[in-house]
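Before I ask anything, let me first share the structure, which is written out below as structure tokens.
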């Protein structure tokens, strides 16, 4: 009996979902977003790269990147968004970041270092560390961005999207 | 005394376990199945006998199977005390299985495969208990017996069978876990070892109070010995098929119970320690109480098997009483009584079964004149009864004679009185049956005339009856073995 | 003064979040709460944390909450029930913590054990060893890089979990979520 | 190579985990193979590590090459190696078992992610075990917890979702308290490295902050291991999770939690603090564990659903582990460690058998086990072994630990725990006997085979109706039997694990004399 | 002056209060989303605890100024808390995912109603 109730609620939920994603595709909104998004992403990348010198780093940058894509999805709808960042691409990126991090760590093993000992990557341990940190930050950024997008998509998806 | 390292005791235990597997596999071919049982029984008996000469010479056969933890070994030790139980059990297993085949087939029992498998397991465990070299091993086999016989008691799968089996399990498992196990732990902590030693291992290791506590725990924990008030499992286990009752109440279970008591009293505490602390006396009176009360209860039963059960309870306490006297004759008596009572009581149970097979009668009040229908059976019953009452020329007399002597040695007149009283009681609850069977007129509507049970049922009980007689005329073997034990422990 | 005001405001927000009955409202207040939190971090010179808090607490979390709220159309029951058991446990926790706080070193005290033991080495060596001026980043990515690997793993775990739980594939008729389908059929 | 083992055992499953879904996109079967190979590799690694530890006594590994207080350090001694092998082994068993049961219980397209999360779960557990840095413990604790929440939510019934959500809330409370405890410790010592902490705590055990930190951490971990008053999340989670997850979680998660607790108690804090200190913390723990032991068993008796019954018995078993540890004696700790081992084995085998039954019949009620002895003989034999071990029958591994616990409680003068142990063993016997009775002595519903009289002179002879045996598929049966047999093997040849456990306990207690021994 | 005195423990107390609020919300509230919000507050309280301990009187943000000497705040708690935040959002995400499924399966996210349904099914 509660089964039926649940069914009913679910349909409401679907309806809700319909309103949730913007049907009205205002020209202004779209153009503004189109213009805005590249800058947001650029800023994200900057935050990632800037991690060594000032505040920020892979995580924060990743989130910003993720937000930019979310914005896109919010404005253009999930279908359009999924066309830009396909499901497979997302899954790939989710794993890719961790892989980058882990592998960078592993690289130093054959070079006689401990795990994650970037110092061993180059002759000058300091530069090695710098390089390693940068790579790691990038890895973090990728994964975080991908995960944020994934979460958003999986939760926002309407049940008839697929 | 010479110590011989040999794996024979291990084989003696494993034979019937192997048989279990084979029985299980050949469940669909009854004759093959029964062949396995019989041959296993014979082989086992053979193995035990093969160890006899060495032991007769006062040797001890030892074998260390595995050591679970430092100080906890599964080890075997064949000495004269152990081999007495082993001989009795393995010999009676042969007969019992013959009887079981006749009984089960003529009653068309169900689940016979499970029956024979559990039977075999129980026997292996009995061997293990008889040959165990330390408390730990004893405990393990003690538990195995409990669990394997559960299936036998619950055999009928009728509600009362199941509930009876439940109670059986609760009593035996419960007491052994709650009392036996901690007793073992305490022994281990104080003595630092669990291996049996003919002078005891606790002597001088534990304060008197502790000794008393541990002894109490052991006595209460070994409920298989049927001491009051933990005897109740015995009657309730009567729902089992008769061969099982015979095995339970004459050989495997109860005898392992009293055997364990003897073993622990003599080989864990040691005569001197107990005598020193003066605990024997209390144990003895405790046993006396059980003897009298159980006999009186037996008097009030109309169900034949129940009466036998209560008689068992009281007879078992003879063993405990005798060993508690801590005198040579007393110990002799207790050890001999293990075997002698086994023969007598198994005969009686076989008879009960035979009557049930032939006439489906369970109650004593129905037995008037049955002696004419089943002369062989009832003569067997007479012998068994006489053995219980301890009338010459039946084995029972021998052990009771030594018991009386032990009481005198221990200067305990009350015990003598108890013995006399219980003898009268025994007579009072067995002789009427014999009288009714032979001299009373059958109840109206009974077809007089000869209707004996199948040969496979009657033959075994005649054999055991003969055994009971033989033990009176040729007690030599038993006596020698007992003497060696006594000479070691006192 | 501001150091008193901001935390106080946090507490107020917190209470409001919990006791406002309209979920949309309380989510909104929660995002405000996060923003104030971020400001507090800035006050405490934890810039990286501030950025993160702002982008995650006020950004992502809020979005996710709103999305779920929209999907579930959830309204909290009009009247709340006071739960004594919960209150007791809560008070116990508070008591224990208060007890423990009693002899914690004073805030902002420059010579507490942490500033004496490991940290000085970070600060003095960070640039020499890693060539990174942001010590936070240096520690995050190099000295305690392994923790960060774990952190990334946590994130991707969350991602994978979300996919595992929520994703549905086209044409898979019987499939509509990992659980609950037997439940629904009842 | 050998030098790098400690890190490989973490990084290999971690990277494999994130690769698995990608492999699964190529072909779904690959994801299972990935999980299988990875877990088996981990098992091999763990055994090698154990060998190294037995040879060298203690392995340390500086991550990133930074020296300990600065960087994160791995410290592996007998204790870690012991637990590590258990976890890796059960993970491997679970992976083998998963093939059939996951195929049935999880939608096809989810399986790659399922295996990925499964691997992450295992990674987290092993990460907790090998690390020597207390904050690192927290990070991996969260990895394994998050994975665990999701895995439980994959159960087939919708109750699984609620159970998982409750676990998530409670578990996060626990983890957060743990983190706060770390905060207190860090504030008063300035370090996160366990060994370093032990050094710097020396002088300041009397301070309230340190005591509070201990309380916070203990409560946090207590929630994770479901110590009695904090056990509420456990039964439903185990009852509704997918079969393989119930088995693996019951066998590993609580064990690792217990490991962490032991570490905190003995490697961060020390026996003096626990016993002599201003607050006799070990008595409090003893009280809790005693209650847990009894309450767990009693609650288990009340259950009708077998998975719930097993779950509640886990609550009791956790009590045993904590009991042995808080007895503060060598024997006691050995008892706990042995119990960690044998509870992993026996509870694992029991849950695996239940999973097999679910696979074949979908039944989880105790009633439903009637006549199973004929239907699934092998599985039921395994179940019986597990049950006997739970009761603590000699020759099963369950006996060994109870033996040590009993001896320890008498040695330390806490003799009144012996009755507690015995009574709970008895209760255990009661609730397992109900099941075994159903298995072997009750006919299955609607099947009256083998009842009453009159089916042939020969009993089970030809013609007697019997039930067609349909045991679990080999991929499920093999691991189940393997674990069950191990219950017997370690029950008979207990000396090796006991040896390791004794070494571990020796290190934990250090030169500490022990409580007053009164005999 | 008095404020200075207050400040020596102030943030600890705030942290405690926040934890209590969060804990109460998690245990007493029926609405699952509300529980998750409570969870977030509970965790953020711990952030406050750590970050407060990282601040040092007269310290500056731990971003090295290579040319001049300076007193820096403690970077380590900040690092730890970055991790903690990430953990927090991950847990939140999983919790929300589960809530979605619960809603699909039960048609509500009110705990008391859900428990009633479970009872009825037993």
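By written order: A, B, C, D and E. Residues from 1 in each chain.
We take it that a residue touches a chain if its C-beta (ideal position, glycine included) is under 8 Å from a C-beta of that chain, and two chains touch if they have at least 3 such contacts.
Given the structure is predicted, the values throughout are model-derived calculations rather than measurements.
Once chain D is ignored, the contact network of the remaining chains breaks into A, C, E | B. Within the contact network of the assembly, the step distance from chain A to chain C comes to 1. By number of C-beta pairs in contact, C-D leads over the other of C-D and B-D. Relative to chain B, the chain whose mean Cα position lies farthest away is A. Put simply, the C-alpha centre of chain D and that of chain E have 29 angstrom between them.
Centre to centre, using the average C-alpha position, chain A and chain E are separated by 23 Å. With centres defined as mean CA coordinates, chain E is found 70 Å away from chain B. Residue positions of chain A with contacts to 2 or more other chains are 2, 6-7, 9, 13, 53-55, 59, 91, 94-95, 98, 102, 105, 115-116, 118-119, 144, 151, 154-155.
In chain D, 14, 18, 21, 63-64, 135, 139, 142, 146, 149-150, 153, 158-159, 161, 180, 186-187 are the positions where the chain touches two or more neighbouring chains simultaneously. Residue positions of chain B with contacts to 2 or more other chains are absent. Chain pairs that touch, as defined above: A-C, A-D, A-E, B-D, C-D, C-E, D-E.
On the side of chain C, the complex with chain A involves touching residues 47-48, 50-52, 55-56, 59-60, 63-64, 67-68, 70-73, 128-134, 136-138, 140-142, 145-146, 148-149, 151-153, 155-156, 158-160, 162-163, 166-170, 176, 183-186. Chain A contributes residues 88, 91-92, 94-95, 98-99, 102-103, 105-106, 109, 113-120 to its touches with chain D in the complex. Those residues of chain D that touch chain E in the complex are listed here as 135, 139, 142, 146, 149-150, 153, 158-159, 161-162, 164-165, 168-169, 172-173, 176, 179-180, 183, 186-187, 192. The residues of chain D lying in touch with chain B in their complex are 393-395, 400, 403, 406-407, 410-411, 418-419, 422-423, 425-426, 429, 433, 437, 440-442, 450-462, 464, 491-495, 498, 519.
On the chain C side of its complex with chain D, the touching residues are 96-97, 99-105, 112-119, 121-122, 142-147, 149-151, 153-154, 156-158, 160-161, 163-165, 167, 169, 172, 175, 178-184.
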